[in-house]
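One chain, chain A, links the two complexes that follow: it is found with chain B in the first and with chain C in the second.
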Partner chain A sequence: MTAAVETAQTTTIHGDRVSLLRVLGPAHVWALGVGIVLVGEFTGWNFAADKGGALAALIVCWIVGLLYTSVAMIDSEVTSTVAAAGGQYAQAKHIVGPLMAFNVALFLVFAYTMLEVSDAILLGDTIVAKAGVEGLTHNSFIAATIVVLAWLNYRGVLMTLNVNFVITAIAYVSIVVLFFSVSPWTQGAVLKLNELVTPGNALPYGWIGVIAAFQFGIWYYLGIEGTTQAAEEVRSPARSLPYGTMAGMITLLIAAAMTWYVCASLMPWEYLGITYYPLWDAGKLTGSPLLENLLFIATLLAALASANGCINDAARAWFSLGRDRYLPSWFSAVHPRYRTPYRSILFLLPIALAFAFIADLNQAITFSILSGVLQYTFMSINIMMFRKKWPLGSIRRGYTHPFHPLPAIVLFCLCVVTFFAIFLGFGSQLIAMVAFYFLISLWFHFYRYRFVRRGDQFTMPWPKPQGY
Partner chain B sequence: MSRYKPPEQSKAGQVFDIAVVVVAIFVALWLPLKLGLAGAAKSIDALDAKTWEALGQNPTMASIWEKLGYTPETAHDIIQNRFHYIIDWPTLIIMAIVLIGYFVFLFRASDREYRDVINEKFDDK
Partner chain C sequence: MWMALSYACWGISIVLALWMLYDWFKVDTTYSEDMLTSSREGELEAVSEKHRI
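And now, the complex of A and B:
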């Protein structure tokens, strides 16, 4: 593996050139990726059971795992070569063009902001359910979560991701503890899979339900690609990014399989499909107060870790848009003391708060998934263009993923299936969101692009792309 | 090729652009919620007899529902609230056209902009 090209762009503050700090290692990359995603095991994946039954949730767990393995492979190659803040945004800028980069940054911002909203709703609802006090609403808990985490991000990335590493590890261990506490090797004592998932109810909607379940199957892993957002703050991107991302994927595949097995063996699919906290419910159904309380705390920690990582990632994507003048350059400010994109963090704060109060959990999750799938569709085409414009050997790559173009084709096909899955039950939301991206793209292409410095968009020390 | 010099944007212009983006975000995300276009398209297949058997629940399932604090009456709307997967072809075709049109526009317009970037970047050398 060769050294990646590192581009630490700077922003001028009061005459001083200030850049993001390179302080992160592979463990932080793992914590950023898994921290964002692990909440998917604590809520959201189970809505796949609602759309297709318990067995459909397992099938999509593995198939969507394949989609994300493709995402991780592709992302590791491109990111270890284009190591700049903004992750996929910087990739799109160098490989496809400014309008695509603008859209990709918006995909990232919406995917992460709506994921942060989902996390805050989950946290608020879980506390309210635990308290069991009549009249208590989740609003104050949501507001406190979003504001405190924004403050943490404002103060600095190293502290933010150190906190994420600890709380993600605790949440992950709780899943492992739950799994081994219910004697997974025996059926009938605690787990009753064969009585809850029967030939008659395993696929209540048939195979169309399996396809429909892809929508929420995405939630098992959505956000793992967020590891690339830290590219400018990682000490050794070529080593840390592929290693952290791949380790994160393996971690999540194991957690997803354990989560499905325990939850499907403890509750009927109709309940599993609508509960907001399947793992906490699983803890309750074991009859062990210790497990119940452990899973309650772990649900809160997973939500906190995810929201924390999401604020980090969304703010960096928004910051990158400002730095390149795709949006007003006011957003490109780096805090002179904390070296964080503080204006972007503060700008996105009220947006997250507003949607946390007006959307419910599955709506917020769907908004996030839609932006995620649009981004994955881009990634499948992006890697093809990357290999065509700069074939192997023409530039230094930090990592070269194997079996090209198979992962890209698999990713593209699974994205098409997922769009169809979203259409099954959430079609109007999908059309409204794509219409938004289309209109904002027209605004960018015909108006905003005039403020962008053309040649400055290409910062990598690469030769001219083939075909141009 | 001469370098393109973008106009300097005034503070008022920056504020206006920020407002445009904020409005666009809220219209895109809030309007579907307000118009009831967001969320799952499900409906309840009501049953007259509200028993665990009629609801398709075996004794193990029934005992778990009861452990969770449900009776057949309170669980009825959860169990019978179902998706009805009927493919609405006109909507599916509209969705496909919107998606394909969006990506085609995105790649074509991006390519035009990208050529400007590459020409300016490499013709300077």
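And now, the complex of A and C:
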């Protein structure tokens, strides 16, 4: 017991309290955001080509890039002010209200847990495809991915995101190496864009194909908003979060453009739209064993980085719900030595394993995308309310996004288009998910909210909002 | 080699899962629940931010 007291005294910040550790910098924020997203370049975005052709995949690359640039700008402004674990959950709680916050937290947990599941399945399938051994299944690789990364997250956020920085950087560099290895300035030598994308096949299904491609265009950037979950663990949230998030978005726009250019110049859209490994296949098609193996390893590293970041983010959203008693406060425990939300990490571990063993990749991806787009729709409304209740000059902002309300309007309109695209491909899942959130909202409103300490949940020392 | 790697993955997963369960038990029985759940949102901001523009 004496040892326990000594440990507690050396690891707490506020007297006898224990809280998350503020040790992260902008590079960790970048590693968290880009780490979660980059796997989308290695698989996922290319299914947009199946929906609308190679040109549609490029059009949605830029338009969805606009959507996510709006997300990054809006998120940076609000999070530089509401710097708390839970990210968008804490934003919703202070700006819209508890019911919205509860839903947003569930969007976050679902989006990140399902993405983690998808990453683990992808990693397992990639190893099995490479091995080509009869009887070898992906289950052991899935289990190892989820458990090892959960262990890493359990042991501390600094090491978790240091690892993410290194493996994300290697995966990113592999895309750059591939791009410059195929002489991108010369068509005909290796790349054959002129032959593969022609006026006759560029948009095989016309503009409706472009709309349908939005569903998978999301994969170019899905998860960049996850940077905000680190808000309570960065040393200077008002500076690090906008800097890390915007740098991450710029990095991803470059990676997305390079990925499309190389892949569309090496594979016909009919194949590009169905393969699970567009970049690995591109590496094979160059004829270089070195590039083939580099892209194989990079695919694994990208999946690992994404799953790692997702465990980090889902656990913090769940932890925040427990801390405000939206869920039992048992989930809000912080490890006194490692300073991580260890019970939330452990609680979500078997859930991720169960989904990874029973769900297929398409289902997991669809649930993740749906929850993500619901969250983005909320963000467009959230920023309008934020600017109205606390106009510029009324509270301190670490970053102020330009051209308001244009990014919010663009974001909302593009979310509507994306919902329509998802409805075209996965209408029943969309309806089932909305019904789930409706029912869980009823449970929260009529049952769970009675346990919430209503005054304690609003922690930001802000002035009264305008109009109240 | 791939089958050996697969078995190694199962082994690592089981060892790490057991370690986390052991550590969870040890922490929960060593520290009080009040202390473990004492984290509060926004404490640093409450100290450092005065919101005087």
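By our rule, the second predicted complex is superposed on the first by the 452 of 468 C-alpha atoms of A that agree within 3 Å, B and C clash if a C-alpha of one lies under 4 Å from a C-alpha of the other, contacts with A are read in each partner's own complex, and residues count from 1 in each chain.
Throughout what follows, a contact is a pair of C-beta atoms (placed from the backbone, for glycine too) under 8 Å apart; a residue touches a chain by one contact, two chains touch by 3 or more.
Nothing here was measured: the structure is a model prediction, and the numbers come from that model.
A.B. asks: For A:360, using the defined touch cut-off, is the partner it touches chain B, chain C, both, or neither? Pick first, second, both or neither.
C.D. replies: A:360 sits against chain B, while chain C stays out of touch.
A.B. asks: One more residue to check, A:62. First (chain B), second (chain C), both or neither?
C.D. replies: neither
A.B. asks: Which chain makes contact with more of the residues of chain A, chain B or else chain C?
C.D. replies: After superposition, B is the partner touching more of chain A.
A.B. asks: Output check: A:336 vs chain B and chain C. Expected answer is one of first, second, both, neither. What do you get?
C.D. replies: second
A.B. asks: Looking at A:261 after the superposition, I want to know if it touches chain B, chain C, both of them or none. Which is it: first, second, both, neither?
C.D. replies: So A:261 meets neither chain B nor chain C here.
A.B. asks: After the superposition on A, what does A:144 contact: first (chain B), second (chain C), both or neither?
C.D. replies: After superposition on chain A, A:144 lies in contact with chain C alone.
A.B. asks: Output check: A:323 vs chain B and chain C. Expected answer is one of first, second, both, neither. What do you get?
C.D. replies: Second partner only.
A.B. asks: Please indicate which partner A:96 is in contact with in the superposed arrangement: first for chain B, second for chain C, both, or neither.
C.D. replies: First partner only.
A.B. asks: Could you say whether A:429 touches chain B, chain C, both of them, or neither, answering first, second, both or neither?
C.D. replies: Only chain B; A:429 stays clear of chain C.
A.B. asks: Go through chain A and flag every residue that touches chain B in one model and chain C in the other.
C.D. replies: The overlap between the chain B and chain C interfaces on chain A comprises residues 329-330.
A.B. asks: Note which residues of chain B are touching chain A in the complex, please.
C.D. replies: 3-4, 6-7, 9, 13-15, 17-18, 20-22, 24-33, 37-42, 56-58, 60-61, 64-65, 67-68, 75, 78-79, 81, 83, 85, 87-88, 91-92, 94-95, 98-99, 101-103, 105-107, 109-118, 120-122, 124
A.B. asks: Which chain A residues qualify as touching chain B in the complex?
C.D. replies: Interface residues on chain A, with respect to chain B: 50-51, 96-101, 103, 110, 114, 192, 195-196, 198, 200-201, 205, 208-209, 212, 266-268, 270-271, 274, 281, 284-285, 325, 327-330, 347, 351, 354-355, 358-360, 362-363, 366-367, 377, 381, 419, 423-441, 443, 445, 448-455, 457-458, 464-465, 468.
A.B. asks: If you look only at chain C, which of its residues touch chain A in the complex?
C.D. replies: 2-3, 5-7, 9-10, 12-13, 16-17, 19-21, 23-24, 27, 30-31, 33, 35-46, 49-51, 53
A.B. asks: Residues of chain A touching chain C in their complex?
C.D. replies: Within the complex, chain A contacts chain C at residues 1, 4, 8, 13-14, 16-20, 22, 83-86, 90, 127, 131, 133, 135-137, 140-141, 143-144, 147-148, 150-151, 154, 232, 320, 322-324, 329-330, 332-337, 342-343, 346, 349, 393-396, 459-463.
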